[in-house]
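Consider the two complexes below, in which chain A is the common component and chain B and chain C are the respective partners.
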Partner chain A sequence: MTLLREFRRDIAIAVVAFLVLLAIGFGIDSPWPRDFLTSIFAFGLLAMSLNLLIGYTGLVSFGHAAFFAFGGYVFGLLLQWEGFTSALGGASVPLAFVAALIGTALYSLVIGAICVRLTEIYFAFLTLAFQMFLYSVILSWVSLTGGDQGLMGGIPRPPFLGIDLGDAHHRYAACALVFVVCVLIMRIVTESPFGYTLRMIRDNAQRAAFLGVNVTRVKLICFVVAGSIAGVGGVILALFTSGAYPEWAFWAQSGEAIFMIMLGGLNVFVGPLVGAVALRILNDVVQMYTSHTEIVIGLVILFVVLGLRRGLLDFARDWWVDRQQARLAAANREGEER
Partner chain B sequence: MLEIDALATCLSTPACLVNQTTSGLIIGMLLFLVASGVTLIFGVLHVINFAHGSFYMLGAYFAFTVYQLTGNYFLAAAAGAVGAAIAGIVFERLIISRVYGQNVLMQLLVCYAFILIVDDAVKIVWGAEYLAMGIPAEFRLPPYRIAGGFVPPFYLFLVAMAVIIGLGSLYVVTKTRFGKIVRAAAHNASMVSALGIRVPIYFALLFALGCALAGVAGALAAPVRSLTPGMGLGILVESFIVTVIGGMGSIPGAFLAAIILGLTRSIGSVGFPLFVDGAMFMMMALVLIFRPTGLLGQGTLR
Partner chain C sequence: MKTSDIRPRRRIDRRTVLKGAVGVAALGTGISGFPAYLKAAGKPIRVGMPTIMSGRVAILGESSVAAAQLQINRVNKAGGIDGRPLELVVRDSRGKPDEAARMTRDLVNNEGCDVILDAEASSASFAVNEVVRDIKKFCIHSNSETSSLTADPKNQVPWVFRSARQGIHDAVGGGLYAARVAKEKGLKRWATVSPDYAYGRANTEEFMEYVKIFAPEVEIIEQTWPKIFQPDYTENVTALLNAQPQAVYSCLWGGDLVAFTDQASLYGLFDQFEAFAVNLGDYPVITAIKSLPAGVHSGSRYHKDIPDTPENEAWYAEFMANSKVLPTNWSWENATAMDFIIAALKATGGDTDAEKMGKATAGMTIDSPFGAGGKLTMRDSDHTLVNYMVGYSKTISKDPYVVDFKQTDWADIYKHEEEWKKRNGYI
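The block that comes next holds the complex of A and B.
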């Protein structure tokens, strides 16, 4: 139980966050905040898990959305398979969730085992290549996946333990719980000794190796954890949309996730989440004025990358640190004069 | 899934063999042109141009428009190359040169932004629906018969052009003064610039050369493929598989790998249609595991 004691502050924050999310979802008598937040849960998990790789380990993956799509498809396909739901009845939703989690973990283990040995550019491109491979499999295996139409006809959600995911409120609460737990897991991973090993590998992999760290293995573990959490994000989105669509596995989805991280801030834990919210709002606002959202988003990316050169929260943190230091310096000068 | 019979029949009839080989060579040559641009830019500037497919697309669309206006395909192909080169210089000067030497994340993001902007711009200018150019008037001749198979004259032109352009760019980089300066600058930019050479101009020109290769590939592809916004990404992923298999920075390696991949695609579409993509990725994975520097690549992975 040392884990509980060590992370009691984070656990308390998670509990409060969950209660606040519940209050928003149940307190406001409109589906809009629930729908908005559920999609943020899904894309937030995608972006935050990708930041385990990019921000903490320095592995720039351009194919992370593959795991997101994989989780969503496994979950949706299992529940659409009549043999599965009729044999398991009420237990089919939780079991499909577990199966999607394990399936995504195995899939990311295979892809990761090939990719993590490679250096930056190769890693980025190989992950992209494997994602496009999954995309082409989804498109061409029409009899299983429905091709470019995606999983049609809705995903059946038999109730379990008094929870009916067909009900909008139940579904929202379940998604919020899963989201908060996943974020807490990521927090624990990044603040544990393992998380500091990841940072050491990012900063100097050779030195980490000299200190006895098995760099390849640590990277692979991180890759599998990140892939699995992205898969959970896909499950949330599959629950929310009651389907699964090939665009989730398209390269642009990975590009978007990378931009969420950059927009929110690489070096702050919740940065990617802020980025996901900001990008979603930006998208909605731009869509009100023009159908050519991509040009506008592209220009915003160029501005953030070439202009700010860091994310919003990174920017705020740097500004705060600068101000503190200026104040300290001023205080020191005054002390000397006196 | 596997259609061994169809494959065996095809491999034993000369006509089918000739047809599949020529269509494989077509795919291979287009891949080779795009991949040699990627590999050239990477070899000298050490950036991966994730937006390289956009220049392929731009080349195809420029060629389409010029052909419609003038009816002259040779002019159209030249326009594709020059247009892509100009777009390449603009992209290099305004965007990518600001992230030289920075981490891959920045390079990736600016390329992502560029792809989004160009794809949307193409949609605005040319529309979102598929466009077809058709075989140009100059090449509307009866096909050659070789061992019972039919080979359209345009295919021969395409292969010949790709080989000439590939050899030409290899010559430019290895033998000319321009190539020597660029390679020296890649090795030690500050030393070269101390000798009074404007290094940024040479980098921009090299980038333009790489983009021109993609543009000419797009122009050559325009008569045989349909044009659509977003057509660049498919060929980008495949051309990267080519550079990985052939070896980063090696133009002969790209040539060899492109032919292997093209033939796998065309013969595979007879024998294992659902598994063609899988076969390509499997070859790449095998090369990465057993010979990570690629078939003809030298030195270490960067």
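The block that comes next holds the complex of A and C.
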């Protein structure tokens, strides 16, 4: 109940955001906004959950996409397993979702328990190593994962509680709900005392330890939360593409998530989400004119990094703060003159 | 847990609400207005083509687009489909499956494409297969040779077809040919050098399986698997030199095959055994190799003399006059895909409904410069192309580069293909 009261504003925003998303998806007579937003839900969760580690805890993970892929594969494999779907029928989709969530949480617990003891480059490289390990397993375990061809033959989605995820509208609404709930959870995590502990660890882990914070445990909890939410992103993408592919577990996917954070900004909560949207729109628009997308996207990122020196929302926030301060200073001067 | 003093809450006043409303309205217009300006006028029938236009495989994608465009220009010159012209919209997926899936949706949603010509390599074609199943658009896979794409019932979709070679067809043809050579020359000790990914492993396994079926005395003494796009093949060449095989099979392709052949030639590898390379016969490959070794057994890809008909010669000349790149195996496969799309549209009177086009295409036979006897058929039972040119030639060092084509009889292929399908539980 305290939680409800403390975060009533965030919960209200989440409800409004969900309604707006529904209005966009159902109100516009074109599949484009639904498809565009569904992929944003997936990649937005990947980038935002990674920012829990990078922006809030100061842990630069290069292997975050492993959890994204893990969630997608667990979800897809369970639903492709005939024994599972025939035994559980309608309950199989929600149960596969829960299993993917718990599976990814356990997987990130194991990886996190090993990685969070390290810092900086050592942490980055170890997460990268675990990601490439998962990638190799997916590629070589052909009988289970389909190797480099990914999960073939589509993912069956038996209807449950009147929801048929094979239907584009139902799928969109379900993905939007899952997305909004995950974002709300991340918001609560970052704005709770736990979230401020994360910031303290980011700024000075030693001081946090002296204040009695169990740094490793806090980092590990954050790592598991971030990994699990990335896994949910993978589930959304698996639903959307009706498959799962080893590229999701490749290091370039983690790199793209870091790009999104850099582009959108890491000090504003929704920065990574804005980055995901910007990168996707940029990609789509550039694709219409040239096949040299990477050059153009590279140039834009160079501009953001060298020109703005921070992400779009960070830049906007700094600009806003500067303006406010200038106004205050001007008001003060006026007061003095009088 | 008391956190209210950590974060001071601002009261939401009228101005904030107004600002928020303006923001939401702007976002809404942005999102809903975006597709409108992306959309083009609806008159022509648009064919969406996700393919690979960048990286080391780009030349194959370019040769695919050139071929598809050639067939479109022809039909448009003749008045289109009941007066409606065809239009090709190409997207570069960089060969990534999730990108290909997204591009395909994008082609349908934003570009208003009614038909998909999926010119992706194997892994991405499986992704496109699921998308077109989901959004119900008529689709022809034009490049993926992986047999299971159409042979495995779980991948079959009523409105999806394949106009490419199929691994199993080439394996039977190659196996029959190689076994004959093995018997003639007494080649018992075989080695393989193929790319280390699904296509490379499956193709090599199928080929050697059939060599052994037709020539049981054959044994495999060495298998070496270079990574895809590997720059240096010394370790693989050394492995082959150490094993001393009498014959070597390879399904390396594109730039990898060029690099491997050039490097292996330095060691005089091709003088030491009989070589069989299924993908050597492609024009860009065979012309890029610095010193093409003579007498290598090369699988049929695309060649102006295979089949040796005036129609094929004419198509080659027209392609060369309109393309910046040389024709490849992907070229004839995409020209064929477009021919079937055009034939299906003519049959439905320009109706792009997936089920109607699917019904029209299943079992359809068309006249084609690439078919055995001038005909190609889209088999009804598994929606895959049959009666194209399967067989092996031998290389010579100058134009026409391959000679002495030995064509495999389709009756043999059908017989062994059916057994293979039964073995795999597909029928």
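In this text, the second predicted complex is superposed on the first by the 338 of 338 C-alpha atoms of A that agree within 3 Å, B and C clash if a C-alpha of one lies under 4 Å from a C-alpha of the other, contacts with A are read in each partner's own complex, and residues count from 1 in each chain.
By definition in this document, a residue touches a chain if its C-beta (ideal position, glycine included) is under 8 Å from a C-beta of that chain, and two chains touch if they have at least 3 such contacts.
None of these values were measured; they are calculated from a predicted model.
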Combined model on chain A where chain B meets chain C, clash or fit: clash
Touching partner for A:Ile185 - first (chain B), second (chain C), both, neither: neither
Touching partner for A:Leu177 - first (chain B), second (chain C), both, neither: neither
Touching partner for A:Tyr196 - first (chain B), second (chain C), both, neither: second
Chain B versus chain C as contact partner of A:Phe62, first or second or both or neither: first
Which of chain B and chain C A:Val215 touches, first, second, both or neither: neither
Which of chain B and chain C A:Gly147 touches, first, second, both or neither: second
Which of chain B and chain C A:Trp251 touches, first, second, both or neither: first
First (chain B), second (chain C), both or neither touched by A:Leu299: first
Intersection of the chain A residues that touch chain B with those that touch chain C: 292, 294
Complex contact set, residues of chain A against chain C: 2-3, 6, 9, 20, 24, 28, 30-33, 35-37, 39, 139, 142, 146-150, 152-154, 166, 191-193, 196, 237, 241-243, 245, 247-248, 281, 284, 287-288, 291-294
Chain A residues within the chain B interface of the complex: 54, 58, 60, 62, 114, 117-122, 124-126, 128-130, 132-133, 136-137, 140-141, 251-252, 255, 258-259, 262, 266, 292, 294-295, 297-299, 301-302, 305-306
Chain A partner contacts - residues on chain C that touch it in the complex: 1-4, 6-7, 9, 12, 24, 28, 31-32, 34-35, 38, 53-54, 91-92, 96-98, 101-103, 105-106, 108-110, 122-123, 126-127, 129-131, 133-135, 146, 148, 152, 154-155, 197-198
Residue ranges of chain B in contact with chain A within the complex: 42, 48, 50, 95, 98-99, 103-106, 108-110, 112-117, 119-121, 123-124, 233-234, 237, 240-241, 244, 274, 277-278, 281, 284-285, 288-289, 292, 301-302
